[in-house]
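The structures considered in this document are given below.
There are two complexes below, and they share chain A, which is joined by chain B in the first and by chain C in the second.
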Partner chain A sequence: MNIIVCIKQVPDTTDVKIHPETNTLIRDGVKSIVNPFDANALEAALQLKEAVGGKVTAITMGPSQAIDILREAVAMGIDDAVLLSDRAFAGADTLATAYTLAMGIRKIGDYDLIIGGKQAIDGDTAQVGPGIAEQLGIPQVTYAKHMKMDDGMLLVERMLEDGYEVIKTALPVLVTVVKQINEPRYPSLRGLLAAKKKEITVWNAADIGADEKRTGLAGSPTRVVSIFTPQRNTKAVMLEGEPEKAVETLAEVITKLNI
Partner chain B sequence: MGVYILDDKCVGCSACLKSCPFGAIEVKDKRAGLLNNCSGCGACADSCKFGAIVVEDNRQAEIDLRQYKDVWVIAEHNEGRLRSVTLELLGEGRKLADKLHQDLCALLLGEEIGDMANELICHGAKKVYIAQEPRLAHYQTGPYTDIISNLITTYKPNIVLIGATNQGRDLASRIAARVHTGLTADCTELDINEDGLLAQTRPAFGGNIMATILCPYHRPQMATVRPKVFKPAPRDTSCVGEILPVDSCLNGKCLLCDLLEVIKEAGQGVNLEEAEIVVAGGRGLGKPENLNLIKELAEALGGAVGASRAIVDAGWAPAIHQVGQTGKTVQPKIYIACGISGAVQHLAGMQSADTIIAINKDPDAPIFKVAHYGIVGDLLEILPALTRRLKQTAV
Partner chain C sequence: MNFNLSEEQQMIMEMVKEYADGVLKPRARKVDESGEMPWENIRQMAEMDLMGIPIPEEYGGAGLDFTTWAMVGEEISRACTTTGAVFGADMLCIYPIYFFGNEEQKKKYLVPLAKGEVVGAFGLTEPNAGSDAGNVRTRAVDAGDHYLLNGSKVFITNAGEADIYVIIANMDINKGARGLTAFIVEKDTPGFEIGKNEKKMAYSSLPNRELIFTDCKVPKENLLGKEKRGFRVALETLGVGRIGMGIGAVGLAQAALDEALEYSKVRVQFGKPISSFELIQAMLADMATEVDASRLLVLRAAFLKDQGIPYEKEAAMAKLFASETAMRATTKAVQIHGGYGYTKEYTVERLMREAKLFEIVEGTSEIQRLVIANHLLR
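Let's look at the complex of A and B:
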């Protein structure tokens, strides 16, 4: 079974803080990491490979430093890694990102399953996975919290707001995963050594036959026109005094708000 | 195509730094420069008063934009009832349609949905396109995408609004890729700008920043909208509208997965994301049994139970209750955080609640920075007393 995992390099938003006076993002010292859900996607791929055999390839689109996350993926145990990198990919929205990744995946060729994360923790759109599936003309199952192979078909539990669906699908299919699906493994020592030596494929727009009118800013229907930091309320009304009194005041507040 | 800074025009004022979501601009020796993590998104374009930032953007419309009219809402329903987000979309859609002097329409797919079509009209839809078929009874990406994409191509709506639910996000991104247009995710604010374009504002980076996004040259302009942000359209039985049955035949090529089973497991019977009141517990509960204190208060208020990741990971509460960056986003009228420290990932899921109440024994807990009301104290003492007190008011 050939599995392709889409992984994205993101700033660790845990580290992102807002400067109290200027109200801007402080990014000094913010590390770049593998999007946490994509670590779950890698783990899911490795587990399937362990169960039924096959090959796992990770792919990312990004600037040259995005190669770091591919090495991390190799350290976790994947077989091959591809970086899609070109000036022409810069400024991509989700449509152009999905197009570019789909072209890269086509070039890799033979695949049975594509796995991505539920969403990236920076862009937060959850749109790239379905976009890739559409460009490749294959079905999708999003928000997977469990999956396994069953008689040549993939059996997936898809999370809903108030429960889940059980879906059976033929291959090839694209699946996006939520964090409940597994606990990503740590790289092994052997993996870390392998990652250092691993030759990572780098493809540009011409290599994957991408139409530059459909990549990067040129291929993006959406345009970000302004960015601002949300105002945070900083003055809580503290209900003080004896617990009974505080509870009494709080009960009044709640009753009033809840009309 | 790309972003450039013209050295001769740059005065090194640093005004552009704030505009960059990636921190990819640096001012050195009184000159701004782009770092190699610049993604070329162009968000800095308008920040320079001196015209030193050039965003080369030679995109233009390849279609006749004037052909596209009306505001569409894709209705979502569950067990024979419209989801509240659909009514909220109609409320906001009405404002947009009025500003544009266009019609508000709704799309409804399913089986035995006639009653809901009338409900959509009572909530302001002038036209309801309706596709009925047993195979549409439950949402499935393939058939829903085929039918809605065909309708979009045929009727050419200007704007399409969809709830940012698991279903809506799955569907919207597939449709946008099919009809080749832009899609803004998870919007919390919508408006029509001076050029008549849909200005879509949304949180990103786990709620740390807000971005306003346009879709200037493609149609329809599509947005998913976060539940519980907009006011639902009022119900008015005197409203009139048309119900238009549309072709719901699914062709053989339709990409279909087999939906074997739908399993409901909502605790407390209240959908967390739609609840008006959420009572959430964190590690401060001390032990798993104390989750009952949260459940009892939630019950007394008719609300839903939320949880921090710490107690989900510890196995004290099921994952469907988790609020935050990697859990659910809620926007209730009242959010009561009990024994939750207020980590930024937790805040990402609840900070836009109308009123936040925090109960924590640590006066310096970060949760008090976003709270509107706070009590410093022991939740083991406060919660039972509060539940008792609120039950009294109820009778």
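Let's look at the complex of A and C:
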């Protein structure tokens, strides 16, 4: 079974601080990590491989330093890694990103299953996974919390707000996973040392035959007009004095607000 | 002289620190209170290739060195002292099989041990053979196609949980240390029983049990090294044990320092955090200096071992200083926590109880001083 896992390098948001004056993210010194949901996707792929055999390839689109997360994926135990990197890919929105990744996946070829995290923790759009499935013309199952092979078909439990849906699908298929699906493994020492030496494939736009009008900023209909922190207009009023009096005042305020 | 980590070591330590803080530390209290071997941690560490770090890859290890093993051991002990102790004791079985075992023994026993599929234990100590290690009374007799072992061991770490045991027995009681012989004994060998678990001042989840041998039939091929050459096996193993106990003490002392430092910044008295008071600062500074000195002593001993240079004196110094540092540092950490430090709400009281172990096991502080003095007076 050939599995391709789509991963993304994101800033470690537990580490990110906001600049108090400019209200922008301070990225200096912030560690870049594998998008946590993509780590679940890698683990899911490795578990399927352990169960039924096959090969796991990770793919990412990004600048050259994104190779770090591919090495991390190799350390976890995947077989191969591909970096899609080209100036022409810069500034891509979810449509252009999905197109570019789909072209990379076509070039890898011969896949049974594509897995990704449900969304990235920086953009939070949850659009790239489904976008890739559309570009490739294959079915998709989102928000998987469990999956296993069952008689040549993939059996997926899909998380819903008030329960879960069981879906049985033929291959090839694209699945996005939620964090409840598993606990990603730590890399092994041998994996870590092997990852350091691993030759990682790097493809540019020409290598994957991408139409440059459809990649990067040129291929992105989305325009970011501005990014800002919403003003918070909350103010706290401290009620002082005896509790009985304070309760009366509080009751009046609540009544007035029609809560 | 170069104190920098190699690129490999940096990668490894980054991963191990993340694992120690993210997984081991949050579980540590539960591990201590469970009264049970921390198997979940050990299985994970095995998957991460941490159990056989200094063993060559062909025997299931990671093919690294004792310096890296020690650095990893510090992080594990800092985060979870019990897990650190299992990790250290395991090497006392792995190492002698690696160093003295023949090819068949390595294939059969070293590979699963180094991969972490099973855990090992080392049985030397007896009721009347502690510091006086040559006084081992467990008898081994050549019975033709096998050896017969009779006697008992005490305080054996990992006993009962371990599948493979390196046992030091005596083939000639009259000759004392020169009769000692090492054997590999499997858990299910007929005549081999696991006795009671000791109830200790601390480490209630760390197994320290009796081993009882009653006409225990050990196959001929399980002789480790040569007959009556077991004292060397014991000494070589104790050398690794000193590095292991030394680094365990460093991890424990570092944990005490971390706790004390954190608490001193948030505990307010006289309108200020107590970290602003110089008498507290002096304690913190002394702790940090001693912890650092201990770490350097242990890593030097490990480095010498990796270079194949004799390191007995340096290992004794490292184990002695690190153990006593752990005792002092944990005592200060409790002092800095004041009344709360004496309660079970905080970790430092446990660390203080645990620290005492290090001054006793793998050669008491008194034995270490004798070893060091013997080297000085040669």
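Just so we're on the same page, the second predicted complex is superposed on the first by the 225 of 259 C-alpha atoms of A that agree within 3 Å, B and C clash if a C-alpha of one lies under 4 Å from a C-alpha of the other, contacts with A are read in each partner's own complex, and residues count from 1 in each chain.
Operating definition for what follows: a contact is a pair of C-beta atoms (placed from the backbone, for glycine too) under 8 Å apart; a residue touches a chain by one contact, two chains touch by 3 or more.
Computed from a predicted model, the values in this text were never measured in an experiment.
Of the two partner chains placed by superposition, only chain B is touched by A:94; chain C is not. Within the superposed three-chain model, A:187 lies in touch with chain C and out of touch with chain B [touch as defined at top]. Residue contacts after overlaying the shared chain place A:196 against chain C, while chain B stays out of touching range.
For chain A, the partner with contacts to more residues, out of chain B and chain C, is B. In the overlay built on the shared chain, the residue A:53 is in contact with neither chain B nor chain C. No residue of chain A lies at the contact with chain B in one complex and also at the contact with chain C in the other. Interface residues of chain A, counted against chain B in their complex, comprise 11, 13-14, 16-18, 22, 24-25, 27, 30, 36-37, 63-65, 87-88, 90-95, 98, 121-131, 133-135, 137-143, 145, 158-169, 173, 179-180, 216-218, 220-230, 232-234, 236-240, 243-244, 246-248, 250-251, 253-255, 257-258. Residue ranges on chain C touching chain A, taken from their complex, read 7-8, 11-12, 15, 18-19, 23, 44, 47-50, 53, 57, 62, 64. Of all the residues in chain B, the ones that touch chain A in their complex are 1-3, 17-23, 36-43, 45-46, 57-59, 78, 138, 141-142, 145, 165-167, 169-170, 172-174, 176-178, 180-186, 199, 203-218, 255-266, 271-274, 276-277, 301, 319-320, 325-326, 328, 333-334, 336, 344-345, 351, 354-358, 368-378, 381-382, 385-386, 389-390, 393.
Note for the complex: chain A touches chain C at residues 185-193, 196.
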